[in-house]
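Each structure below appears as structure tokens.
There are two complexes below, and they share chain A, which is joined by chain B in the first and by chain C in the second.
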Partner chain A sequence: MDETVAEYIRRTILKIPRDEIKTMLQKWGFLSEAQLQTINFHQIKDNISQEVVQLCEENSADIKQAAVLDIIYNHIYPNKRVWSVYQMKKAGEETEFFDLTEFKKKFKRRLRSALKNVTINFREYEDNAIWIRIAWGTPYRKPNQYKTSYVVYHSQTPYAFVSASVLKSNLPLLCQALVVASNYHDIREMELRSHSLNSLKDIVFKRYSQNFQTYCPRPLQERNVVPESADLRIIQENQNEKERIQRLNREAFGDGPQPKLEFAQYKLETMFKSDPKMDVLDRKEPFRCVVKFSSPHLLESLKSLAPAGMADAPLSPLLTCIPQKARNYFKIREKKGFCPGSFVSP
Partner chain B sequence: HLATSLPLPSERDHLRPRIDLIAFMIDIKSKYSLKNVEASLAHVDASFFLGKVCFLVTGVGRVNCCSVEMDAIWKLGEVYCSPMLFCELELEGVRAATAQRLLRMLQICAGHVPGVSALSFGSLMRNSADY
Partner chain C sequence: GVFTHLEMLEARAHKAAVKQEEAEQQEEKLARLKARVQELRRQRDELRAKVELQQKGRGGKEGVASDPAQPSARAVLEWKIKSLKAMLQMFYLTGISGKLTKRGVCFCIGTAYEGTYLDSYHLDLLAQPEVRIYRHSVPIFIPLERIAAKYLQSDLRRFLCVLSDHLNAYAGRRFQADQLQEHFSDQLEGTLQRNSLCNLLVFNYNVTSQSQTFLFNVRLLYGDLCCSLPTEVTVSCTPGAPACLAETAAAHSDLFRRTALHEAFRSFRRAGENLA
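So, the complex of A and B:
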């Protein structure tokens, strides 16, 4: 077995939490049940990975099997990577039958015709998701297995989720291969990025609970309403205001859990509006500024701002439109025309 | 009765009993909290400041998250001649002790403790803070 393959497998095992190693090896299926029984999974990870590498040596593992193990690891822990979303466009209305083998063949052929030194692996999952792992090399060097890009393509949709990692220069090639292999004619990157792959899927496939604007006339005010708090001795003076905030919040965010995003970024290219007497900027140039919101769970924290009294309700539509518009990176420019204002560029 | 700011909404005027003590809560982690209290103070009738107002400053356990100038808070207590209580609501023991102190103050302000008036108690609290 190649030394680099052995080292790669060893390092992949070290990434896995100790309690999960056995299950992941079983999913991998490369080592037999009998072989797995011989491993002591209660020792330190260093020793476990050494034993696994020994067994892989006996079975003569090659880079293909090692790559599959890596895909399995990334499928279970996708949140360690940053994912962007790409949308593809078809030329006409033809709905062709999706042939997986054709897709794989065309994808490999396209990539390899431009760059000989690539390792390409595929793995299909139940939800029509095709996971593609690509290790990049150069015309003179073998593929670097530690610099990989991942693509998750749902064949029944025009969306692909890409985790490019460091080699951004290979992105155009990757996009081209995707478009050609899937019989689309164009691809564009959406302004939507996050660590949580499932949340990106939720947003793009509209799987989160959306609020539907229904006309809801205000319910008749009852005079002696029993307060909601468990202790009847506590009386909320601002109950009406609290209810208004809850209602507006529910309209903006819906009732269910929010998709998980870590950032929202707004690039402002708007004119500085000041008192003419202040004369701060006499040049008619837009004032450039970037506002970035970050949070472990951005949408949930935005949802809790108004009820916590930290922001006025309703929140700015620039914040609440994030799931509906399927974007968290915005460019805001001056609106050209009669009314000065700002609009969000497509 | 809990309120987020003053003045109180007028639609509940007829449901409200006599007010014996107003405790203004200031969270030192929030500048907005101090601004809100300062704005609300303007709506309080002057007679309340004879011992029926106190300031409850919370969040003092997390000094590294302090966003408010402590000078501004001390000044508030002086300007409005009202006692200042400091507490940390996240600690159960301190929370319970503070609640008991407030309750005792409330009993005095409501006139339930014979021989002690709200005004005399208020000046007692203010003078003891200087030592």
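So, the complex of A and C:
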């Protein structure tokens, strides 16, 4: 077995939390159950990884199997990477049949025709997600297994989720291969980024909770309002206001859990509006400034602003439109025309 | 003499007057007390009657006040609400229902396959200045934009019908594939290759003939997105298999074209059990 492969497997095992190592090795399926029984999973990780490498040596693991282990690790812990979303455009209107084998063939062929030194691995999952792992090399050097890009693609959708590595120069190549393999003709990066891959999927696949007005019977349990205090001496003075805020919040955010985003960034290029008599700026130039909201869970915190009394309801549409517009990076410019205002650039 | 006699008479008169006053006072007092007694008696009778009324009311179904033949306004209102809810529920179950919103309509398209209700999808439409989609929960791989470009402006009803056909067919195809994986995985070999639209399925399954097991490969292509049955079926056996299996393959191919996928496998299982 190659030294580099052994080292790579060892380092991958070290990344996994000790309690999860056994399950992940079972998912990997490269070591037999009998071999797994011989490993003591209660010792320190260093020793566990040494034993695993030993067994892989016996089975003569190559880089392909090691790559599969890496995919499994990233599939279980996708939130360790930052994911961006790419949108593809199609020319024709024919129905897509999406043959997986064709896709893989085309992708590999396109990528390899431009760059010989790449390691490409695929893995399909139950939810029609195809995980692609690419390790990049250069025309003169073998692929660096520690500098990998990941692409997650759901068949017959115009979206691809990409976690690029440090080597940004390979991105155009990656996009090209994707477009060709999936039978689209154009691709562009969306202004949507997050650590939570599933939340990005929820946003673009419209799987997040939207509040639609229907007559569909909703479970009555939701309607049960537990009286906040059984003490009749306590009266809520602004009950109406509270209910108004709840209603507006529900309309804006829906009922269910929000997709998980870490930040929203607004680049402002608007004119400073002041009293004309004050005339603060002698040059009529737009103010440039960047406003960035950060949070472990941005949308949930925005949802709780009005009920907590920290903001007026309804919240600014610039904040509430994030899932619907599928973006968390905005550029706000002056609206050109008679009425001064602002509009969000597409 | 006379003076003492007069004094005596005066004293006697005075005494009599006092006595009379006392008697009158007594009488007055008595009359007052009698009246009080009457009043208290009357109150007692009133309260008694009230208690009796209450006891009768708790025991019986209706109060003495309401008439059983005429339902109260409240009962009528409740019945009206109940029947309205039932009608809305019924419309919801038919598959396409809608609700007017401030700026347009919100449609709910329900899907079902042969008696099983599946997911529902929503469309929020704006009416002004022209009919367009504001937001929706339709899966991204359903060609919504294409259908909307064709029908949304011109024929809303047709738009909803076509979209409903697409969604129901997709739900049906997915249901069949899920059922196959869930209940008939013992007959499958390897993984079932599918895609988001579930319009191309490729898999291998076991066929027993003359106590030997052979592997069949099948490719199901659903060319019509509004249809939950395949348009193209290719069943092939492993090379080197006996020629008689070609007939079986053809029969299976025909079956897949006509019946639901999981039903076809259910019939295989039954046939297998009959042979055993």
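Annotations for the structure displayed:
Everything that follows uses one rule, which is that the second predicted complex is superposed on the first by the 327 of 346 C-alpha atoms of A that agree within 3 Å, B and C clash if a C-alpha of one lies under 4 Å from a C-alpha of the other, contacts with A are read in each partner's own complex, and residues count from 1 in each chain.
Basically, a residue touches a chain if its C-beta (ideal position, glycine included) is under 8 Å from a C-beta of that chain, and two chains touch if they have at least 3 such contacts.
The shown structure was predicted, so the numbers you read here are calculated from the model rather than taken from an experiment.
In the superposed model, A:241 makes contact with chain B only, not with chain C.
Look at A:310: by the touch rule set out above, it reaches chain B but stays clear of chain C.
Shared-chain residue A:44: touches no atom of chain B or chain C. Contact with neither chain B nor chain C is seen for A:91 once the two complexes are overlaid on the shared chain.
Of the two partner chains placed by superposition, only chain C is touched by A:159; chain B is not. Counting the residues of chain A touched by each of chain B and chain C gives the higher count for C. After overlaying the two complexes on the shared chain, residue contacts for A:232 are found with neither chain B nor chain C. With both structures placed on the common chain, the touch criterion links A:205 to chain C but leaves chain B unconnected. Residue overlap on chain A between the chain B contacts of one complex and the chain C contacts of the other is empty.
Those residues of chain A lying in contact with chain C across their complex are 93, 95-100, 124, 128, 154-159, 204-207, 210, 212-217, 324.
Of all residues in chain B, only 1-5, 8-9, 11-12, 30, 32 touch chain A in the complex they form. Interface of chain A with chain B (complex): residues 234-238, 240-241, 309-310.
Across the interface of their complex, chain A is touched by residues 85, 88-89, 91-92, 97, 99, 101, 106, 108, 120, 122, 124, 135-141, 143, 146, 191, 193-197, 199-200, 221, 223, 225 of chain C.
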